[in-house]
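The structure that follows is given in the form of structure tokens.
Order of writing sets the labels: A, B, C and D. Residues in every chain begin at 1.
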Amino acid sequence: MTHLDADPTNEATEFTSQSAVGQLFDATRERTLTLVEPLTEEDMGLQSMEDASPPKWHLAHTTWFFEEFILKPYLPGYEPKDDRFAVLFNSYYVQAGPRHMRSRRGLLSRPSAGDVKAYRAHVEDALREGRAHGAFALEADRLDELLTLGCHHEMQHQELLVTDLMHAFSFNPLLPVYAEPRPVEVAAPQTESWSRHDGGLVEIGHAGDSFAYDCEGPRHRVWLEPYRLRDRPVTNGEWIAFMEDGGYDNQTLWLMEGWAVREKNDWDSPLYWWKQDGVWWTYTLQGPRQVDHAAPVVHVSYYEADAFARWAGHRLPTEAEWEAAAEGTQIDGNFLESGAFVPTGRKPGLWGDVWQWTSSAFSPYPGFRPPEGAIGEYNGKFMVNQMVLRGGSCATPKLQMRSSYRTFFYPHQRWQMLGLRLAADL
Amino acid sequence: MTHLDADPTNEATEFTSQSAVGQLFDATRERTLTLVEPLTEEDMGLQSMEDASPPKWHLAHTTWFFEEFILKPYLPGYEPKDDRFAVLFNSYYVQAGPRHMRSRRGLLSRPSAGDVKAYRAHVEDALREGRAHGAFALEADRLDELLTLGCHHEMQHQELLVTDLMHAFSFNPLLPVYAEPRPVEVAAPQTESWSRHDGGLVEIGHAGDSFAYDCEGPRHRVWLEPYRLRDRPVTNGEWIAFMEDGGYDNQTLWLMEGWAVREKNDWDSPLYWWKQDGVWWTYTLQGPRQVDHAAPVVHVSYYEADAFARWAGHRLPTEAEWEAAAEGTQIDGNFLESGAFVPTGRKPGLWGDVWQWTSSAFSPYPGFRPPEGAIGEYNGKFMVNQMVLRGGSCATPKLQMRSSYRTFFYPHQRWQMLGLRLAADL
Amino acid sequence: MTHLDADPTNEATEFTSQSAVGQLFDATRERTLTLVEPLTEEDMGLQSMEDASPPKWHLAHTTWFFEEFILKPYLPGYEPKDDRFAVLFNSYYVQAGPRHMRSRRGLLSRPSAGDVKAYRAHVEDALREGRAHGAFALEADRLDELLTLGCHHEMQHQELLVTDLMHAFSFNPLLPVYAEPRPVEVAAPQTESWSRHDGGLVEIGHAGDSFAYDCEGPRHRVWLEPYRLRDRPVTNGEWIAFMEDGGYDNQTLWLMEGWAVREKNDWDSPLYWWKQDGVWWTYTLQGPRQVDHAAPVVHVSYYEADAFARWAGHRLPTEAEWEAAAEGTQIDGNFLESGAFVPTGRKPGLWGDVWQWTSSAFSPYPGFRPPEGAIGEYNGKFMVNQMVLRGGSCATPKLQMRSSYRTFFYPHQRWQMLGLRLAADL
Amino acid sequence: MTHLDADPTNEATEFTSQSAVGQLFDATRERTLTLVEPLTEEDMGLQSMEDASPPKWHLAHTTWFFEEFILKPYLPGYEPKDDRFAVLFNSYYVQAGPRHMRSRRGLLSRPSAGDVKAYRAHVEDALREGRAHGAFALEADRLDELLTLGCHHEMQHQELLVTDLMHAFSFNPLLPVYAEPRPVEVAAPQTESWSRHDGGLVEIGHAGDSFAYDCEGPRHRVWLEPYRLRDRPVTNGEWIAFMEDGGYDNQTLWLMEGWAVREKNDWDSPLYWWKQDGVWWTYTLQGPRQVDHAAPVVHVSYYEADAFARWAGHRLPTEAEWEAAAEGTQIDGNFLESGAFVPTGRKPGLWGDVWQWTSSAFSPYPGFRPPEGAIGEYNGKFMVNQMVLRGGSCATPKLQMRSSYRTFFYPHQRWQMLGLRLAADL
């Protein structure tokens, strides 16, 4: 997987030679294919739960997005490769009846992985040629905006692709290796260190013309009391201390609802962990490994993160606290481009390794209005019962990251690269 | 039910003659009994779902609260009436095994309603006598604080008592009448009117020494953009317009999760509504009635309220917007004391008739710390996945109301007196 | 409860003086009331699960049966006490919508127990007077047939009334006593004894004019291989030996489906058992009692009975084997009339104490045709997935018993008085 | 698929040249591979529900059976290809934890289909060579018995393989074609014709030395009343008449439990049917086709079959009636070997096209004793709550058929080739 960290600003392809958007497009499309190189055809169809999708489906859906929102409406004479793909690969398609349900994506053995790759090429060709010849019935700026959106959309699916795959692989007793293990990096010394922040009337949310999702704006004022943030995410070593102190059995540490979920699912450790001969092991995309005490804990739910913070005598940050601290810092951390696919704890700042649960529910910012049309369904319709996470993970493309970037999951979910960072009042 | 609106500041009983706390205690305890006067012994045990409890259980649990948190720890020599009640009437008691579960409260045919009333008298006598003789091992101020908390706790259960009962009665095809119907009041004319608010850096949260729950503080600053609020809650007439415009069938109006809940439950109108000969009817505590177009809509979920607001081109207010507008206004509206037990729309300000869904998740305020001990479990452990409502309803004792008062329910819940008010940006 | 064993052939009342049917009617109706004498009004409404009904509902439904099938069609000018009872107390009534569901019978706090008793009297009066004055538009023989059916139907509900009540009481931590405990009878010595049967071409099924349910006929020939039957049901002592030998943990003893049910429900003993200080206790209608080793085991599912039989190296009998052995024997055992309400093991023949699971699915006999009309729904519609039990229990009225009597329950059910008897090939 | 009807008694391979068992083995193993020839690698992993397994798993499990019960215990020095396959491909393996569950077979993208085929060859080679060289620590007769059992086991899985695959394909909106459609055969004229049978004391169950499953014996006597059987299964045309007469909406035709299942699942036609422009279509292994009125109805549950029979004024046969009529008749019908994979109605006797629901629960015959050891788990542990079907289907290898052959499914299951034949009393 030599191309994961290909820098679109340095490489030249036929398309990228023309523009930054072209470079982004080429690099993004290529990386998706690089990510499925280690997979067999049979791996390509795996779906382990309704929340997850097969690798092949991610390949197709990210292509469908370009076809549906750019080629079909704006490229005169465009011929779809197969009319039926419009239904098969539409994530939003809602219809009575059992045949097209999200939970059934794993049953689409046809079209084949090869057919899907041909579909990708077909759409890419049309986009490249259409753009090269100025054939789109759309202004160039708007076309580039839509292409950029499509690339960012595809980057989100790159992260889902590897985490969904990991979930499916975890049910195979052979515990397949996705990425070759690398020598375990020595993590930074575990000193207790916090950064202090004055708060006050700050501004958060996306500003400027660069790409951002609708839910990241409008930029707006928020009042913050003074606070501090831990310099690194909570580690596996700290989590084991919580476990050994009875954290999973002490109901007073838990939210009422969290306790019910924990009881129903018999949670007594993060997802993918098991104990063997007195030692904690975990399944990773590098295969089974001993739990690394110095690395950030990952695959914990909001309920667990909240209980841990209470046990530690602190709390989770709000998303505004996180963003106010992050704005202007350099985005440097363990992202998808490293090819590690596991949190390492090697770069312990605000960024990368694991998404960090905040105590903020995913809600609209003041003045938020979703765009018109289907693209407007992107984020707004999820604004209930989900919690915001910040910072990106070892499965997130670095290009996607911004201090205003908000991802969100349900409090019970654990299969993504989810961890936490502690906060406290001053 | 002549005593529902007894004003504790005017009445004199043996206990109340001594203090405001005594008056509050006497009036609160008496009102609970007044509320069950229309019930038969068989009504007293009804439990229709896990979220609800039988009337008899509310009578007992509010008594247990005084016994457990005041008499047992602080009254030397206090003899419980029955040791087993400590388990039976503890709402927080969590234990493996099926015998004491919350969902089984309706199976407690014993102790009888009579025994529970005797239990109430036993605890009241001990409290009154102990206080009169200064027998508590506790400072007088702290005793009064705990008594006040117990009274406010009991007022919350008064509201639950009547709404839980309504839910149980609704399953009886005889559709029992709880409160005698009153002549339908003529509602105020339905003109479209909004109040404007400048926002800016405001303070919300409880201030001062008067009673408030832990989650209402600390008082803190919040930045608000300018906004406006509708002068009255959304009415049944407006809701029917939404229904007739296909509101329940138009998925684009709904949150993703809301639509799934709506589909699963086949919702096509508020809870308790049915159509008969072309006319909408509803079950109320006054028995079956035609839906009153001028009265506020009630028994709608957050999902429905959110969809309605989107349909109307507006939005729900945040809780900070609501509180900033309400602070300092006179608390005047249709509360429990009116004896109507249905929303009437007669007093269309910010207060009463129906709780108003806000777009704010129930979260801790900056600097929130729950008190130590079991009383600290009161609110904090519910701070996930629930939405805040404001303003009180026709089933809420007026004495309970404050501009900082936060109640909270899950977005799918409908059996309480839940409605909505529209907000908009300026 | 002095009237449980009232012999309708000896007693004389105004009605019984006229005929055997009259005597049966009087005794049956009186016994139902006797059975609820120990209950409070609040007990009368208890429903603990969908399979069970409240005592009050049994009182009403057995009355509804006479009203619906005799008074309404055949007594000119009959005025129902309340038209709405036709719906409320119809066990077969199926309708979309949540308001009249079987699972909601426990929410019918109204009509009151008093109203239901008045309903009983109203219907009884109409029946007695109508019959005395020959006012029925029906031949006398057919009238008596229907009255007899109604009485047998009511006897079935007498058994359900006490077993349903027991289930509801079991969820009350106070573990109410229904019947006064009696001195524990010394059981017969536990010698291993079997009866031998030649089999061959035998006849089973009801013959003659006396009352029997439709499913007990037609009488027909069955070929049986030689077999033997244990002289008494399996005892608690034997069951504990099975438990101590790991019977509940040895999957090879269990049917595949039985094991899944056992795992899902964490069964490790019969229903209502718990271990306290090393001793097995059980809840009974006489309140909590130590498990009596000499008494028959009760409250075991078919799955458990089948696993026990395999563990014991034997099998369950077929219903034909049981009936062929029972035909012509004296019906002598511990039935409802004893007032014990627990199996005692004192009369260890084929009859009474506990229903005995057979290995026969409840299926139609050759030539079975249900009667026309609603009465024809009595048994035929249940003929799938249920197993036949034979012999009657300590909660069964003795009058109901016949060698051809078939009762049936689902393999997972345990709340009735269900036990087992071993059989073997010769 | 030219080899589906290869006759093992005529063909000669290296193994078959030696014996009938060898011929059976070669033909059976080859046919399994022939059945997956039309599949892609991605098809090989499809699992659509817990009741079904992926094609690849069937290939592996049938191989595991030979390895586990013959090679491992009896071939000295046998080296398994991969020790982990013992767990992966054991259908009976029960273990706590989510990783090896039956419902997760579809997630085994590894080992690949190619690896599984290599596993098949490895085991076949060991069997053939071991047998050729007399290397087994087992008598030749017993070895051949086990080989024969393994072949019959594999034939059962051949039927499951195609019906499971059909179920998975049905969720793909592309509705894949498995077998090339053949010209629709003209079915025999639909005259109403019945055969009459005297009944009396007959013998049923397997007799003699030829292969049969344990549950087909012992042979035993059964008394039958005179009866008649319809000459052919119920057709689609008859089923449509039932549907048009409101059969799916008339509760009085249905078993209580059947109605509940029908309501819960919104059944209004057989599985895989839909209506398009007023015409009924169905998905088949030949792809989507108009419903052929003259062909037998297929994919109906026991509940539906039972309701149909009641609507038709007749009943389903017992399994003894079916077997007594079938014994001695020629086994001639539409089986797997035809390559049609759909019922055609062309050979309307007792055999083939569709399995026929009987009214008999799957129970042990008198004197039934399962064999010792794991092989004894084959049938006995399923003997509760399932119904027997007789006659074989278009997906059943003809070689498997015998008049004593019993298959069994749950009353709600429909994905197999399940139909019905009417019976009546004389």
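Just a few scattered comments:
Assume contacts are C-beta pairs under 8 Å (C-beta built on N, C-alpha and C of every residue); 3 or more make two chains touch, one makes a residue touch a chain.
These numbers were taken from a predicted model, which means no experiment stands behind them.
Chains that touch both subunit A and subunit B: there are none.
Centres computed as Cα averages put subunit B at a distance of 60 Å from subunit D. For the pair subunit B and subunit C, the distance between C-alpha centroids works out to 45 Å.
Work out the mean CA point of subunit C and of subunit D, and you get 40 Å between them. Among the residues of subunit D, none is found touching two or more other chains.
In this structure, the chains touch in the following pairs: A-B, A-D, B-C, C-D. For subunit C in complex with subunit B, the touching residues are 40-46, 48, 84, 87-88, 98-100, 104, 106-113, 168, 170-174, 176. On the subunit C side of its complex with subunit D, the touching residues are 94, 201, 220-225, 251-252, 254-259, 302-303, 306, 315, 359-361, 363-364, 366-367, 377, 381-385, 387, 411, 425.
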